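Chain nomenclature is as follows: A, B, C, D, E and F, assigned in order of appearance, with residue numbering initiated at 1 for each chain independently.
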């Protein structure tokens, strides 16, 4: 039985497939018996699931956020919301140990991820750094990328607001870096090595701020220190073994990272004091806001010309008409 | 005698050349006789000039801001500031009527202007609009550009803060439009016609907000209405004769113009509610702020690694070391 | 059967009367059959109504916000809220076509409206403009009023916050204009023509910002441009055929309209720079806030001396004791 | 020799007349001898005066702000500013003791004051309170007015920003009270006794906040407590002997006084929570801002259509053309 | 049957004990019969209770917030929340009049209160004032404490945010006063009498702002005037009979009370202008915020290292590990 | 000739003593000859000095900020300001090389410094850390103090606002640490090791932010990174060799340092999320503001009860009467 996307499930449907556990909580029913309240997810969304006490007895778990689980059950309606009544549940690891057939288990179906090929993004980002940045910043950037490669391939760009999914940080960084490259053609008197290194490394600290990439949550250091200074520290540490003939070059890169939120009230401890820092701040903010808009437009399924109110953007958005094909590219001629 | 730049004049120098009148005021000296207090300018700066009563008697003027004048006089020092003691002054027009030789009169020396060739910028901007925007927005943009061609070639981009000089609006628009074109490569799902039309027309209202391009001042409509709504009205008027098969396309362009300051507190009566409007707002703001930084860095002649405090930017800037040549362009190879 | 006000309906009541459709949505029940979820309104309030699939079969509609409908049904209780179980529903137009008796159909019962006689308000407003404003502003104001007469008679003053009902704009304008007339006695050195014209026209743009006066919603231009600039444009267009001997008079009126929100952060692209503009801003804001207070006081049915918290006013209000009659008017004598 | 207004004095003029001492400071000249640096004022303005050591020897003073002094001297120019070189100076009291002829001494010439007849304003204010407010608030208001009559006749409305002159508080109160009366015609369901009492008493605390009415300065209680709570306390004290059948009536009046700045950040410890308090806040603020505009427009002597920037209003103002007579009053007929 | 804490009650439990009525509302059931919806509380929390119409018939009440009631009933579950189905209810007073045995009635069990012994706190506070403050402020403070002793022993420190329980004001005042005493050792050049008197009296107005200490609500004067000016007035009144040789001493104490919120936007009509006022403001704010943190940490029962978001503090809090004993006190030696 | 304090110098005085060079600039006089414009300082203040071209010829310098110089000259008056006309100037080093008698050279007279004995403060601070903090934080704090001992003894606490003098950081830290110790008696359930370590280390980054302790200026890293993250990095580096059994203990200390400005808009990249961090933030802010007040009160030499306006504090301050002795300490008895 192929995977049915959560967004397509209807009341009464029988389910036998795999999910990601996004939340898990033990509760007690009115008679005092324990049951599980779960939130199960796949790449299309999430739904509530109940594992009542009789099922808990034979499927004791435990189940934790991040687990991949095989589930049998039925979709029911409760107070107008669909939820899954679970009849059997076990982790993929346990099922494998039990020798079950996992042929239909496809982890890629279980969580949201960047729509781009992550390996490809990675190659392009590496290529950009290698070909466009001169030493010594080139070495620094490549060293950092190399060390955090595995994290970069999975880390989200944010917990909630933009690119909050597997590979989101990579996608965001790739957009900001390519945009920076394009902007340098318009503003060629900026220091291109600083701009490109800053564009690639500005959000590096997300890697230590966020854990559990398929169901992102903040780490304790993320909470207590924040990604801006964490990223600065990661770059600073990495730079220790390298030689900088111009002692202020590294300092200016550090400044770009610390100031990339653009204003104290947005969490940067310092304002951008160079044009390079200003540019990286703008391109980062622009990519995040454009993505927030895209996400909100996509998630809006209501009628009407405007979306519902988006709290972080503090506005509603115009949905407009679908773009005709010819609005996406210039035509060949210039006859008017 | 060739033109001596004001920034090079020293105490005691004899002067016989042309200036731009930037300010002019009639006053009375202690004995009750009238004299003139002027501010004269050229492309390098400005200085105070006095026309004492005996000279006023033979050079009665009147002289008004914007006049080009021929002047004889001597540079003196008054309370630590250099000022020009004028012995003869007349307008170029009057001198021409008197049959004087104006061979050394070169208006281009008399005021600050964009460092770019304005005709060339204009051609490129026109070309960009003509080749990259599809009808019907193409027609609208070209019609507007055509009508306001003469104004576009001289208007500053602002009275004080950025590009406050002849051709400043054109230079600013050219940067924003080219940057928009580059950004569309990164964000290809945006409506390119809207983005490019918005980028070119966003500051159109400056033409009616500002007068006297070589010594910019706000007009009465500029003061009482502001350039944002003036520009919107100009585009709206121009569009009346054109046909828009999609009735919302023009509306979205109008929205870009009205929302291009990005926030109510910065004077836009509406927030950007489309991604196209958001992009134009960012690119406009970025170009203005980068220019403010460049201007402040250039004007700072002090020692030390940081400039003086810049009030509109609310920060001082890092001056840093001059860029080595190889920081301006990537090297050929990728060997590290 | 006379109209029963929604606010008086109780569980179990049989209903056979007319309503306004305020919202209408097609849904599917658990067995997959379509039903309608409506919000029906009259002048006293609104309630949810369900048209289950069997009724939909014989009353297919369609029904849209703004429709007047005849309804038979029964009031039931669902999760503690009353809702109407509809047994028959049809639009007044269809009923008329079917030759039904519409004797008890009274549109005035179906939506909230200004408590004042709109025709009377209109006459008084017209009279005020005609008798108190001198040419050329008199002509301009009367021309505008004449063109938008029908809209003025129905348009609300706002979608949610104050006077959000049929004729609200007229009521609000009438209060502001009469208050302006009274204020001019206190501040006689202000330009009375500007003040009165500004008071009457300040919110004109609401007519294009809001649609569907009995169930107000924003239009696309209302969303993308806002009522401030829409109203300015309407006045500017209307003025084109008129002659203004003083060219700044019209400009000052336009300034009043654009600046009437008093501050950039409240959506005016420009601050009031004349005393006339300041006065209109204050009187508009005062009338809106007093109305918001009155509405909140009236809607509060709880006990206690203070209302619940009002979010737009950011405060709770003192309800106080009912006013004794003699607090409403001065007594005859002055003996103390 | 009649009084020459300071604003009319020119270099070289001989002066023999009376002034108000606005500031007085003892200094030492380069040879170590004491001299006096004074600021002398009359109703038209102020100017610096020097009493050099030889004159100090025979006119030892002392002189303090608020003193009325007879002066002989000559107007000189120092660094471009006119100043008075004093040859003789003595207080009016001392001159009277010396038996001098004080025939030309007219205190009303010596300081700025409300342009209205203060006795007349007072009578009208009293009359308004007596005829328009019903007991018991009538008694309270009259009792307060009676107790502070002498202060009310001289106190400024503010130290710097609006009506900063003799009788300014009375003028301001008179405007606010009359405007309140007019507003009650538009909003007749407000409690008129509360509105009128609040309008008359709202700024009462200025009397204890400000001292020295002809050269206003803050008292220590004014500095440490502020006029809002001082005024509240004055009203509360005065009310103690009176009987209020409705115990909340006095409380609501107190609330109007405490909340009349309209917002916490403007110094009110509480927000207006009644419509009466809201109205008094608006009328007070409006009168203050209109006066600030008028004062700034009058003080601006420059050319151009706009005044210099006014810091407290955070804007420049449009000066516009002088009003034609017929813009001040409606014409007789209504023919268009 | 001993008192069962509300926080320990489970579904199905039989209840026969005493509660505090925190809220009481009369409603009508679907058949039109009256029933009571109550919120009953004890020191551990609160729960909803229903008194259906048949019980109302024999237990007619009335019941008001603040009443102590004896109740028989059963704990049931309704929409996932526990609530008490009441079978009998009467006030303690009525039960006493009926001659019932009230042996198990213990008012201290019925509401939240400071964990400290209130009599002891009171003694220590009195002792601190008596021993540490010199006349004449000593007399003033003791006179105030004496007059408001009963109120001080019960009044909460706030309605919601910090110490919102019986004796909360006393606890808060005791902490601020002791901290002030400690701070004076560090800053000995501050006026200790002013600091200590200010620390003890700063929140005095809470006594008139809040009523019903076991279920705090704002009084009408609390709403319309606020505790800051109420407290100032109380101190000012009390001081009238006392003699102050230094007339500014009392004024400075009044200034401390009025300015103790530290900023206009937090409700102080004046900023702290003395170091004594600044210190009291800091110590008050610090104690309130530390308490808010403690309360939020205690109330958080979820898992994870961080609490839920706390709206008034605008942050989540780190829960961290329990403190090891030796982190609470220094060790004996200094060997490292 | 003993040192004459700058604040005591009068016109005409002959000077032969030592100064600190605070600023130095080369200029050209009207005849084109070079002269020096200096600002010379001592512990009492600063004054302008001129070294005219003839003196420059024999005393060529160069002179830089921070230099100690021997000077002969005469105090003159120029435009109302005293300035020193220099007849001879040389650095102390050069004078020593020339074999001059430097007997009267006392560096301690030449710049402002903490009024406390710096060695003593240091001992006490060390002692506090050693005796009151338990391992492992004790080791960390002592290790940091040890490494930065020399810097701590000279560094100011700020460039301008508070303790801007030699040893200012030490004085400020000593106050905050002792206050923290006292506060822990009031709030004993806070983690005392964290509080004390945080209090001592919170401003450590000042050491790298500020250079030139006798004439403080920001370093390049100070400008581009800021003291908050610099200090965090210094502590983090120092901690690397130490063992922390509780891995979150160090993290919490780091959090205190990063959050010690209390709000994002004041430069902390993160809000205080523990009570320990909140306390350190309050005590730091309080000490800084009390010091700013003290400094402003001391520097104010005008008459009147209130100081001039202090911009960083945004208020004027009450000067009040001098404290009677008995207001500084409690009396012995308690008789009232």
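Please note the rule applied: a contact is a pair of C-beta atoms (placed from the backbone, for glycine too) under 8 Å apart; a residue touches a chain by one contact, two chains touch by 3 or more.
A quick note: this is a predicted structure, and the numbers were derived from the prediction, not measured.
**Q** Using direct touches as single steps, what is the fewest number of steps from chain B over to chain E?
**A** 2
**Q** Over half shared numbers or under half: where do the identical copies chain A and chain E land at their interface, same or different?
**A** Mostly different residues: under half of the interface numbers shared.
**Q** Quick check: how many Å separate the C-alpha centres of chain C and chain D?
**A** Computed value for the inter-centroid distance: 43 Å.
**Q** Quick one: report the Å distance separating chain C from chain F, using the average Cα coordinate of each chain.
**A** Chain C and chain F have C-alpha centres separated by 63 Å.
**Q** Could you tell me which residues belong to chain D and also touch two or more other chains?
**A** 220, 223-224, 248, 252, 255, 273, 306, 316, 318
**Q** Run through the chains and report each pair that touches.
**A** A-B, A-C, A-E, A-F, B-C, B-D, B-F, C-D, C-E, D-E, D-F, E-F
**Q** In the complex, go through chain E and note every residue touching chain A.
**A** Going through chain E, the ones touching chain A are 11, 77, 305-306, 316, 318.
**Q** In their shared complex, at which residues does chain F touch chain A?
**A** 220-221, 223-226, 228-229, 232-233, 236, 248, 251-252, 254-255, 258, 264-270, 273
**Q** State the interface residues of chain A toward chain B in the complex, per the touch definition above.
**A** 130-135, 138-139, 142, 175, 178-179, 182-183, 185-189, 191-194, 246, 248, 252, 255, 271-275, 278-279, 282, 285-286, 289-290, 293-294, 306, 314-318, 320-321, 323, 326-331, 334, 336
**Q** Sort out for me which residues of chain D touch chain F in the complex.
**A** Per the stated touch rule, the residues are 30, 218, 220, 223-224.
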